[in-house]
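First chain written, first letter: the chains are A, B, C, D, E, F and G, and each begins at residue 1.
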Amino acid sequence: METSIYSVLAFYVLAAVILGSAILVVSMRNIVHSVLFLAICFIAMAGLFLILDAAYLAVIQVLVYAGAVCIMIIFGVMLIQRTDMKQSNLFNRQTFMAGGVVALTLAVSGFFAGTTAWADLAANTPVPEDSLGQIGQLLLSKYVIPFEVAALLLLVALVGAIVLAKEVKANVDD
Amino acid sequence: MLVEFALHHAWLVPLLPALAFLIIVFLARPWPKLSAFISVGGMATACFFATLAAYGVFTNHQYTEHPLVYAARWLTLGLPGMPELQINVGVQLDPTSAMMLFMVSFIATFIQLYSVGYMKGDPGFSVFFSYLSLFAASMLLLVISSNLLQMFIAWELVGLCSYLLIGFYSHKISAREAAKKAFVTCRVADFGLLLGILGLVITFGTLDLVELSERVANFREYTTFGTMTLLAILVFIGPIAKSGQFPLHVWLPDAMEGPTPVSALIHAATMVVAGVYLVGRMLFLFHEVPVAMDLVAITGAFTALFAATIAITQREIKRILAYSTVSQLGYMMLALGVGSLTAGMFHMWTHAFFKALMFLGAGSVLHALHHKADVWEMGGLVKKMPITSWTFVIGGLAIAGIPPFAGFWSKDEILVVTLNGGHYILYAMAAFTAFLTAFYMWRLIFLAFYGEEKPENHPHESPWTMCVPLIVLAAGAMTVGLLGTPWNNIWAEWIFFGEAHHSGEIAWGAMISSAVIAVAGIYLAYTLYLKDKEKVKVKALAERYKSLYNLSFNKYYIDEMYLWFNHTMVDGSAKLFYLFDIYVVDGIVNGLGGFGKLSGEGLRVLQTGRLQNYALVFFLGVLAIAVLMVFAGPSTASLVLGGVM
Amino acid sequence: MLRTETYTMNFGPQHPATHGVFQVVLTLDGEKIVKAEPVCGYLHRGIEKLAESRTYQQVIPYTDRMDYLASMLQNWGYVMAVEKLMGLEVPERAEYLRVISGELSRLASHVLATGVYALDVGGFTGFLLCFRERERMMDLLEELTGSRMTFSYARFGGVADDAPEGWLEKLDKLMDDMPGYIDEYDGLITGNEIFQARTKQVGGLSPETAIDYSLSGPVLRGSGINYDLRKAKPYSIYDRFDFEVPVGKNGDCFDRYFCRVREMRQSVRIIKQAIEQIKEIDGPIKGKVPKALKPPKGDAYAEIESSKGILGFYVVSDGTNKPHRVHVRRPSFINLGYLDEMSRGWLIADLVAILGSIDIVLGEVDC
Amino acid sequence: MLENLFTNIAGLLRNLLDSAGVPPLWNDVTLLVVKLVAILVFILINALWLVLMERKVAGYMQARIGPNRVGPWGLLQTTCDIGKLISKEIPIPKSADKILFLLAPALVFVPPLMIFAAIPFGKDMVALDLNIGLFYVFALASLTTIIFWMGGWGSNNKYSLLGSMRVVAQMVSYELPMILSVLGVIMLVGSMNLTEIIAAQQNMWFIVTQPIAFLIFFIAAVAECNRTPFDLVEGESEIINGPYTEYGGMGFAMFFLAEYASIMIISAMATTIFLGGWLAPFGLTFIPSWLWFFLKMYVLIFVVMWFRWTFPRIRVDQLMGFGWKILVPLSLANVFVTGIGMYIYRAIGW
Amino acid sequence: MEKKISEIISELKEKFPQIKTSEETISVSTEDLLGLMQELKNSFGFNYLTNLTAADYPADAKGKGDGNEDEDDGEMEIVYNLTSVYEKLYLTVKARVSRKNPEIPSVFPVWGGANWQEREVYDLFGIVFTDHPNLKRILLTDNFEGYPLRKDYQWVGGRK
Amino acid sequence: MLTISLTHYVVLSAILFSIGLFGVLSKKNAISVLICIELMLNAVNINLIAFSKYITPNEFIGQIFAIFVITVAAAEVGVGLAIIIAIYRNKLSVNLDEFDWLKW
Amino acid sequence: MFGNGLIKGLRITWKEFTSKKFTVQYPEEQHTKPERFHGRFVFDADKCIACNLCANACPNNVIELKSEKVEKKKFLTKYVMNIEYCLFCGMCVEACNKDAINFSLEHDMSQYNYDAIPLILVEREAPKPEPKPEEATPEASGEKAEPKVKGKGKQKEETPAASADKSASDEVAAGKAPEKEGQ
């Protein structure tokens, strides 16, 4: 498979968008803006998945992350609205320490990423056309137990979230 | 083609009631009529398929030898060093299961129809139908199971439904207690069954009935005779409770607290025979172990006699029927125990019809009398409720064993095989039980339906939904026995174990004697309860043999014995363990805790309570491990980490 | 113990569902109403005070401006009070004209209330279709009085003008069409499941509370109290007509609304009977009224059943040609007094439904 | 001739570019851009036209005649309205979150445009023929929620806040039955490609085989685009105008037009999935396929409008209850029944 | 069961000797008011307070009522129109307070309907209804000065 | 430098992960922490899909793993938010510095 | 059950959709106004005897009337209605004994400037040597048929109403009613 200049270009553009919006997510002082940049980050990531021939995942990414997770977070933000929204997303006391740790992490992981000799098979094996069908087949045959477990997890999470966030009526003895 | 479809999609039969259950529970619950329609409709459709499937089986002789089995892989379990165990979910159709499939679905259909009338206006109408559907689904699943584990699952589901349905009137304390009792009793026994199944798996490495039967036949390749004995007895423990055999029969009479259709469906016709069915299915196992066979036979015979003696003194209509059920189940066990699958299954088949009929009749009576249950307070119902009464009488004739009603043929078959097997004591017990059966059943009939009318009662005939099942079942009780007459024993050609019965010579002696016994029992009942208007003789008899009477009336004090046992033994040991726990276990724990507490005080400073602090340190740790693993190699890393841990 | 926070929201004074300039200060928990404090008076013009500096006759146009949706009834109520004070007789034909115009006005008011209620719960078409019929009634009333809304039609001891030529026939035609129109509302609004879901079991009001809080009109009758002044204390000539008093059952929004719809049919009945009967009567439309309108000292209280409820006028005379005191018992005002209790625990959307079902007119509330 | 009008135009353009010596890749890109621009223009003009249609339909249903002054039969009415709205100032509330407030109306047209790129308007008339077209549509449709929310939140008004809460709740909960209802169709077709879904309806439209799914889809879709009886988001008698309360001028107009764009989308989707897309019924192929598509689409749009001008609005808790307690179980049951039906169909093998 | 209004009035007269009665009208003092009202509601079924209003009778006004005139500043009269919804009886109760110290017990405990009506009277006349749960201005703004329906209220402004 | 190799993706993922980690460690707002966790999970997803394409293009293991990651993330957000809301109702704050209940 | 009412509603809107519309295209076509329409006032200065009855009958002091005495008779010099305050209640029309003031069917009274709002019906100088103003004949009194009869009746009572005190308005208001009996 030939990697054209366009896909290279697309990669760089998308990477820049992802990283830029991620940095903004972290640095914004208004949590609402953070969430919006998060959405942008997710959408850009969907684009990245498209480059990686994972169209199904790209769509899932948009549907679940941008469409559901972001909205859920938005809901959370709305439910706990404060008047000082502009100062809602500040840094805490251990920021510098955290910066150190993160720099270290980046250094280590970057070092590994850069020095590992990744097996690069992409050049000669193209991704099959009908990826969606194959993923479906795999999910319901080979990976059926994890699939069911994930379904169960979602159910449990659903019930758990409802129970946790349920409004408790004021008791008489309160 | 449709028959073929039904044969190969027999799983639809349990699936349809299961679907009905789901639909009712999740969608149709607010609309009682809709729920009933879904339930009955699902059941009727299932019955239709079951009939087709049964037709398919009974028109093709190849299935008697080689059951029609189709299964899907469910689990593959493999442990190192052991052969891979494959568990399937599937359907096994042979004449036995086809017969059961038809019987269960047929009776369930009519009982559901009956319930439409019986439960009308009940606040839990929809729920009741959902339970009935669930029950039918699980029972049918049990019947068609090709696999012991699947059967066990269905077995437990059936138990659950029984629990739900007995406790259906959950506002009544007695109902709740009865439900608990049934559940606990069955659980005790199911434990035995589960152990048995596990043992079978470990020993033979398969759960499929067909395969298992093949392997059991050559059991010496796998195990010893002792183990087999143990396994057979363990397996038998399950049916003891489920089919109400002595000494675990105690739950069954109490289960009459449930609505009457439930009693009819579960505790007479279908669920309780699950145990018999299981024993029948596993007869290849028992067959290899004569001791177990004898145990089954003796348990059956004893239970039959024992329950019959209780039944003669009971006063509540449903209780009499319940003990009668226990007694008849004993018969079936006896038949299986003497090695005749044919007789056992045949009695089960006829019993299902007439006992369901009688329970439904009893329900109709209760319905009419506003749940007044004491037979002494009834009387003369035949004038007000002709349909109920006459169908009930048919049932009574059938159970008493008057030819040519259904019960006669099956009971006779049992007596004959017992006699032919040379079990004379058992034969005597069975014959006496037959006498008692005729007696107490007709005692019930004479007291309730004949004699003087009681002015305080205002009975009325039940609605058509209740009458139609009665009539249909009565027709069944009259005719289904003809399948197995000694002259033309179609039954035995299909359902047998080992060799097919050949309808050879006719045991005229046994036949006539059993008829005579039945007539004698009825006559005794007639003299004591109908002819003697004041019931002087009865009262005198009861007075004279007061101790015996009390013994029987109080069901031999078995419930009390269980209670006493629980109170003294279990509570006593519990006390002992309590002391041990307080001083020894807690002492150790507290000592360790004190040490931990002291050291914790010292380490407390490190604990900030802030999540992000922890995360920070955590990530530092992760980094350290990563670096370690790469630069010092994984083995060193694990060494170091192991030291830290 | 988990808790939730409430917040305050100003529902109005500029809000589409308050039917005018009216404010409800809502304390909300999520969308649920914890407290609803009505704030009225934005339209207060001091009509009671103004009346003290006008002659008796000059007060009539001011009464128009209270319940401007059914001003005919307002005129009538005031005129009745003064007539009671002075002991004036009203000629028969004038009584019939008053009944006809009054019922027509009630019809117009109810039609509007029905339509506006449909709008409140979100159905716009019902609203405009109701206006179509109201337009026909307004045309008729305009033909009778010269004005479309502020009629000033009643006079002491009679009415201002006789019915013009052919007017009664036109009215009869409208009354023939009216049941069909009402069927249309029933189909479009009343029978609609969404509408019923929105209104049934919402804002329930027990009969005891309704009486205790002096509620009146369809609000009272919706709770199952059969109390209509036209039947209970037949004023004017209402004892000559055959009609029924529609009564609700549960006292919820739907019952209040549906009472109005059924009352429309009754009004149509009354008008048809009145048209029949007025043809027989030929007489003056104004009784004998002294030239100098100076009622004797004293007071009088007269009440009629207006479209919103019991409309009472309390007039005190000091012997001059100007009233000493005029007080109006405004049904909308008093019906509104129970809004807070009625809307507690319901959602914002229900508040709209409840407010609409009371059918207030701010001109009357604020007087 | 008419049938292939648009494909011919595209072919012509391609040939033109080819002959001009443009490299094939650039050629593709150019064509794609041209298509997208055409779709954008189409959506905008159509939305304008739909506003007029709505007003006309409303008028006719209310015994009125609607706008008829500007242009013949009032055809230029909305154009003039837009002209007016463009020339108006956009007032920004003092305490509003300006970024969100201004961004929301600007973004609101992006998802519809992207969705329309994947819809086949006619035979061989699809800008992006995606393998997972159906899924793509839903994914993008879910993005609108955020945009509406941005507007509502950014306004910093309690009515807007309530409105945007309703938007989020409503859209999230109605997306579920919408996707689940389509699942039956996906099962029948075995593909999520919109072209293939249309092709599978050659013999029978899915509205026949999946009537309940169509019903659920249509109801959920009406709720998705916040139309009566599910227009709680802008229920003017309750929360004034919901998220758009503070908007004026073009900001409002964008939201307003976006509503019509989304109606178009749901109608186009329903047409594609259930009404056979551009397939001509009864063999009436002399009418070009794209015309069929628009015909069906406009019928559905009319039905949506008809709903709006007939039904009252339901309450917010009823809305949620309806979605979760009725539509979701029903759509699940539909999937289940479809599965069983397919199984039986294959087992019996008619 | 059914009682004529005149019978009711005469019965009341026995229980409350101080009241003055005329046809369908009872005049009562502020002290007796609450007791009388409770009696009327509980014993005679007057469960509906149709109307509650007041009128101002300053000393110099012509329409000064027929009450006692020793107060130099005149009086204000509160008028209650009562209805028995079930028996269709109507009764008017009047009570007078002095203009200098206009205080009268609230009838809100007897009829909930008095709530807004008393607030209105308070708003426009300045009559204080003691024990009223929420005696605030209702039609006028909270910072409005004066009580406009009193005869001595001077209004400034308006058109020339 | 005209091809995009696996290294590119891995480095991108590492940077994104670090950004997310920084957010997790240094933000006060609990919701913000949740958001940053999402960023980290997405970084992982990039890796998974890139591996899937470059190393086992025919087996889709990475993609399937990513699907599971997304599932878990959705569940995590749901429960996490519920917990935050519950905490907020108790403390009227989402400031993580104020939550030091993890000590005794 | 569920759905019936919705479908019925849809049917009704469909019916309306296809049936006749009620819209009246306003400036081109207009409703015919009833005779009694309360529109802009028309004033016949010749009939007016400046008795002030109308001004006194007005609830809102809309009418501003000035007259001068010319040859024992009052001569109307100014008759202005501050129409922004007018309630269009018709009291003035009813009060007028001479049928001098009347409603017309003209309804469009909006003005661009505030100053233009007051309706100046008469504004003129009193003539120095005044020729006797002609008495209005019944036929010329206006376009309505009804007031003709009224005019006749009123002439009889003309003299007592000449003074312009307040009680006059009451008298006229009361006195007008019996006249209508004759119709």
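The working rule: a contact is a pair of C-beta atoms (placed from the backbone, for glycine too) under 8 Å apart; a residue touches a chain by one contact, two chains touch by 3 or more.
Computed from a predicted model, the values in this text were never measured in an experiment.
Steps from chain D to chain E, minimised over paths through touching chains, total 2.
The chains in contact with chain B and with chain G alike are D. Ranked by distance of CA centroids from chain F, the top chain is G. Among the chains in view, D has its Cα centre nearest the centre of the complete protein Cα set. Just to note, of A-B and C-G, the chains joined by more C-beta pairs in contact are C-G. With centres defined by CA atoms alone, the chain at the far end from chain D is E. One simple way to say how far apart two chains are is to compare their mean CA positions; for chain C and chain D this gives 45 Å. Spacing of chain C relative to chain E, judged by their CA centroids, is 25 angstrom.
With centres set at the average Cα position, the gap from chain B to chain D is 58 Å.
Residue positions of chain G touching 2 or more other chains: 6, 9, 12-13, 16, 22.
Residue positions 612, 616, 619 of chain B are each in touch with at least two other chains. Residue positions of chain A touching 2 or more other chains: 56, 60, 68, 75, 92, 94, 97-98, 101, 105.
Chain C contributes residues 54-55, 57-62, 64, 125, 129, 132, 135, 139, 142-147, 150, 152, 155, 157-158, 160-162, 164, 184, 187-189, 191-196, 284-294, 321 to its touches with chain G in the complex. Chain A contributes residues 4, 6, 30, 32-33, 36, 39, 43, 55-56, 59-60, 62-63, 66-68, 70-71, 74-75, 78, 81, 85, 130, 132 to its touches with chain D in the complex. Across the complex, chain E is touched by residues 40-41, 44, 46, 48-49, 209, 211-216, 225, 227, 232-233, 297, 299, 301, 303, 310, 312, 314, 316-320, 324-325, 327, 329, 333-334, 336-338, 366-367 of chain C.
Residues of chain G touching chain D in their complex: 6, 9-10, 12-14, 16-23. By the touch rule above, chain B contacts chain D in their complex via residues 5, 9, 26-27.
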